[in-house]
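One structure follows; several queries about it will come next.
Labels A, B, C and D are assigned to the chains in the order they are written; within every chain, residues are numbered from 1.
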Amino acid sequence: MADLKVKIGNLEFKNPVTTASGTFGSGQEYSDFIDLNKLGGIFVKGITPKNREGNPYPRMAETASGMLNAVGLQNKGVDYFIEEIYPVVKKFDTHIIPNVNGSSIEEYLEVTEKLNNIDDIKAIELNISCPNVKEGGMAFGVKKSSAIAVTKAVREICDKTLIVKLSPNVTDIADMAKAVEDSGADAVSLVNTFLGMAINHKTRKPVLSTITGGLSGPAIKPIALRMVWQVSNAVKIPVIGLGGIMNAGDAIEFILAGASAVQIGTANFIDPQISVKIIDGINDYLNENNFNSVKEIIGGLMREI
Amino acid sequence: MADLKVKIGNLEFKNPVTTASGTFGSGQEYSDFIDLNKLGGIFVKGITPKNREGNPYPRMAETASGMLNAVGLQNKGVDYFIEEIYPVVKKFDTHIIPNVNGSSIEEYLEVTEKLNNIDDIKAIELNISCPNVKEGGMAFGVKKSSAIAVTKAVREICDKTLIVKLSPNVTDIADMAKAVEDSGADAVSLVNTFLGMAINHKTRKPVLSTITGGLSGPAIKPIALRMVWQVSNAVKIPVIGLGGIMNAGDAIEFILAGASAVQIGTANFIDPQISVKIIDGINDYLNENNFNSVKEIIGGLMREI
Amino acid sequence: MKKIIDFLVSDVKWLNENTYLLDLYSEEKLPEILPGNFAEIRIEKASEVLLRRPFSIHDVDYEKNIISFFIKVAGKGTSQLAKYEKGEKLNVIFPLGNFFSLPKEKDILIIGGGSGIAPLKLMGKFFKENGVKPVFLIGGRTENDIFLVDELNNYGEVFITTEDGSLGEKGLVTQHPVFNSDNFKYKKIYTCGPEPMMKAIAKFASKNDIDCEVSLENTMACGIGACLCCVVETKEGNKCVCTEGPVFNIKDLKWQI
Amino acid sequence: MKKIIDFLVSDVKWLNENTYLLDLYSEEKLPEILPGNFAEIRIEKASEVLLRRPFSIHDVDYEKNIISFFIKVAGKGTSQLAKYEKGEKLNVIFPLGNFFSLPKEKDILIIGGGSGIAPLKLMGKFFKENGVKPVFLIGGRTENDIFLVDELNNYGEVFITTEDGSLGEKGLVTQHPVFNSDNFKYKKIYTCGPEPMMKAIAKFASKNDIDCEVSLENTMACGIGACLCCVVETKEGNKCVCTEGPVFNIKDLKWQI
């Protein structure tokens, strides 16, 4: 067994494999299929200050090797999370990391403040990249000034490991990463979904109720991988890589590109056991290639081809 | 037979189906497979002032529903195009549209000037979005000031229909489109490839000699379609849509999103006859849905879902 | 408890040119399956199919460890699925979702159309075991779309409508004589089928104050309540069709009918 | 002239656990095919395979309109291709690329390794028709990787090397006694196989000033000279392996050997 432990900020993860926000519910949904205790961490579904109904149906469209979603941050609000969801999932031996959302800086602060009071929560993920909400979300993540403003404000009141989740819908993601690093982020996670769109040519209508939605899945992997590589080369804080990871090979590629950990998203829908299979696959890879620790391959891409 | 004619600037195309630069050679390469006279137009491989060897091999990696290329504008230069290639392809009854490249404004102007002297050439496509060259290319297309500068400079000396090809690797493509519209472009084409990357986890090396390359194919269609929709809603000049079009349904979706014409790229590699099949498919669609002309469905997306 | 099992295809039987029965065999004992439950099947062989596809469980044989699906070809996944051969592996997550509730009174009408007749057989079985003998009404465009009549007959009387009148009454299901509101005698309606059909039935039911359960077919990504893609608007907010449905009582839905 | 034809699979024959012969039948008359020519096959059934896959043409029967391929499983496409069944359709673009040139002198050595023995049969046929009787040298890791010996014997003598010595000489092809440079008697070498093998041979050839043609297997997107993805560096700049190759004379290449 290779040493799979990695560190994100001050926090140690038993392995680099975590599940992506919005694709894994609160974790419980998958407990019939896998042993959640095996996971490095669980990034839970996005949380807002109050109950949100999200967008109208239809919210999903399958595309070539990908899917568009327009869920729009449906959730029951931070208090419900703290009172009803967290007590159930905290018993698992893995990091439970809430995904913090808001349509204004005040809202981000409201959610952060409440989560900050819970000792067992060791990290939060600041989502400044949701493409499916009219206000806030991605709007914060595609403008440097607002990305800085929200990160700084949250940093001020947050004692936890602060992970900022970046939007790929930008010209220069490395620049954005540096900006949030300078604003106090302990780590960045990327990528969130790409803004996309589907049309049904037969009905001549958009497939999604919101016309546009967020693209995820293997289709985006080459772009996500490039972004993780660029960001890893630009910042000193750890990078959590995601976007289209479907198997251990994909996860290893993100780690080679510089990610200290990965998140598994859309792949959970296709195989609810995939996250654990990926942990095993990384372990096998390290053994076969004579590495003692996963840390040895973080950023281990060889340049000469 | 429905009326398939469309206009791009002052120019009439017999139908909205053209082939994308770099994926169709000069057209001749496909003449064993299809009747080139049937095409609306052929956007020929990118041209630079002088012979360019392009990037070292390997230049290609297949990805989920897509491919990365790092050709790097290999071509024999504008003089060779004018003397050797153009005389052969001009005999076809379709618009031959050169794709103009440079690593500086001067180089763009040099190519444009030479092409501008050829009467039979009715349009040029200004490529400010190639991700595979160290200088110029995408660098022009991701910064508004340089996009404006090169478009204005070329416009000044170009009597032809000027189509500017936009990069999708930007935060706000509608804003970019407006900028080149204001700078004198007669039309915009989008999208060029997305900057992506592939790693071989077994060898721990990048797959491409240049590490990053341009992603094309069905994987990118949802993002390309969204961009075409955003740009069509933002500018008054015609939009030529492309990115992952594999069949007539896809082409129709781009047209519904606002494209006056489409380009077929990667799909040509998979089926060299696809462009003509798409022309037939659009015609059938119009007939089945009782449209007399393709113009009736340009931008015909119905909003209520 | 939900299971994820590699089944082996034991039979694919075409019923007409675009409808087939798919039987899957498992080495493992099957969990209890209730009528209305569905499964998410991974169709690996199909290029261009990324996500699993949801199908109602049509029948189950606990002794032989076989579950059956009644499937209509709709697109890429459903057409590729039919090409699996005996002995090939199919990964299935099941049983998912809620189920049709047992009626309080015995006069019930079960209406199915299109692929919506899939759960009718299990309903018949389950209701019969519980002493309820339903009346079935199934509709199709032509005689060629009408299936399972003999099997459903084991559980209750079967009425038929076809749009062209080639079998049973001519017209849509809601044009069948049973829908004469003056002497409509059923205390509860269950229905599964195309949305316009279910909405027409729901309209009749709510007008005549008849209890009515519908089974929805919203597009799904995960099938297990994790993605929130499959929601339907209810009076208590958006609910997941995959976990809080697929069966809903129409009085809880915010359908415009 | 290049053709695009829907062939029907007429046979898939496994030679060992990862090597098979694929025979395709066409209604249409076949164009002339020269040794070294290749084809681009579209493997539609394979999920995750977008682009066509290039394969040397192994054999052709102009009377029966059959072309054959000799294929080693390398990944997704080559493993799915083997699952096509008799009568299924495969779309093929062919014949593509240039071909091995006829030698000026008659003493020639043809070396194949791995899937690189695919074009050897057509070479044998073609050279024989033109009065040239080559010597073949084929290499593999073990006896289990050595194929076509009987067939090639029809066209010339066949030498064998295996890395483990289970058949023929023990060692790599370049360790075979024929490569004793003191009395190397061949005037021209043709080779197709793994790049390290071809480079070792090229090194020997250039050192000993022997004419040598190699067939390259660069990754391709279009196969017809349109995309410029498949280039190899030559003394006259980058050339397309798909149109100006796959066969190159090593004196034109800029190989670091």
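Rule of thumb we're sticking to: a contact is a pair of C-beta atoms (placed from the backbone, for glycine too) under 8 Å apart; a residue touches a chain by one contact, two chains touch by 3 or more.
Note that the coordinates shown come from a computational prediction; the quantities given were computed from them, not determined experimentally.
Asker: Moving only from a chain to one it touches, give the least number of moves from chain C to chain D.
Answerer: 1
Asker: Select the chain at the greatest separation from chain B, using centres from the mean of Cα atoms.
Answerer: Following the centroid criterion, the farthest chain would be C.
Asker: Using mean CA coordinates as chain centres, what's the chain A-chain B distance in Å?
Answerer: 34
Asker: Using mean C-alpha positions as chain centres, tell me how far chain A is from chain D in Å, no decimals.
Answerer: Their C-alpha centroids are separated by 47 Å.
Asker: Taking each chain's centre as the mean position of its Cα atoms, how many Å separate chain A from chain C?
Answerer: Spacing between the chain centres: roughly 36 Å.
Asker: Which chain C residues sit where two or more other chains touch them?
Answerer: 48-49
Asker: Residues of chain A that touch two or more other chains: which are they?
Answerer: 58, 61, 64-66, 217-218
Asker: Have a look at which chains touch which and call the overall pattern line, ring, star, complete or other.
Answerer: Looks like a ring, each chain touching just two neighbours.
Asker: Hey, which chains are touching each other here?
Answerer: A-B, A-C, B-D, C-D
Asker: In the complex of these two chains, what residues of chain A are touching chain C?
Answerer: 22-25, 29-30, 32-33, 45, 51, 53-54, 56-62, 64-67, 69, 71, 74, 217-218, 266, 268-273
Asker: In their complex, what parts of chain D are in touch with chain C?
Answerer: Touch list, chain D to chain C: 44-49.
Asker: What residues on chain A touch chain B, complex-wise?
Answerer: Answer in residue numbers: 58, 61, 63-66, 68, 142, 169-172, 194-199, 201, 203-209, 211-212, 215, 217-223, 225-226, 229, 244, 246, 249, 252-253, 256-257, 285, 297, 300-305.
Asker: In the complex formed with chain B, which residues of chain D make contact?
Answerer: 1-4, 42, 48-52, 91, 93, 218-233, 237-238
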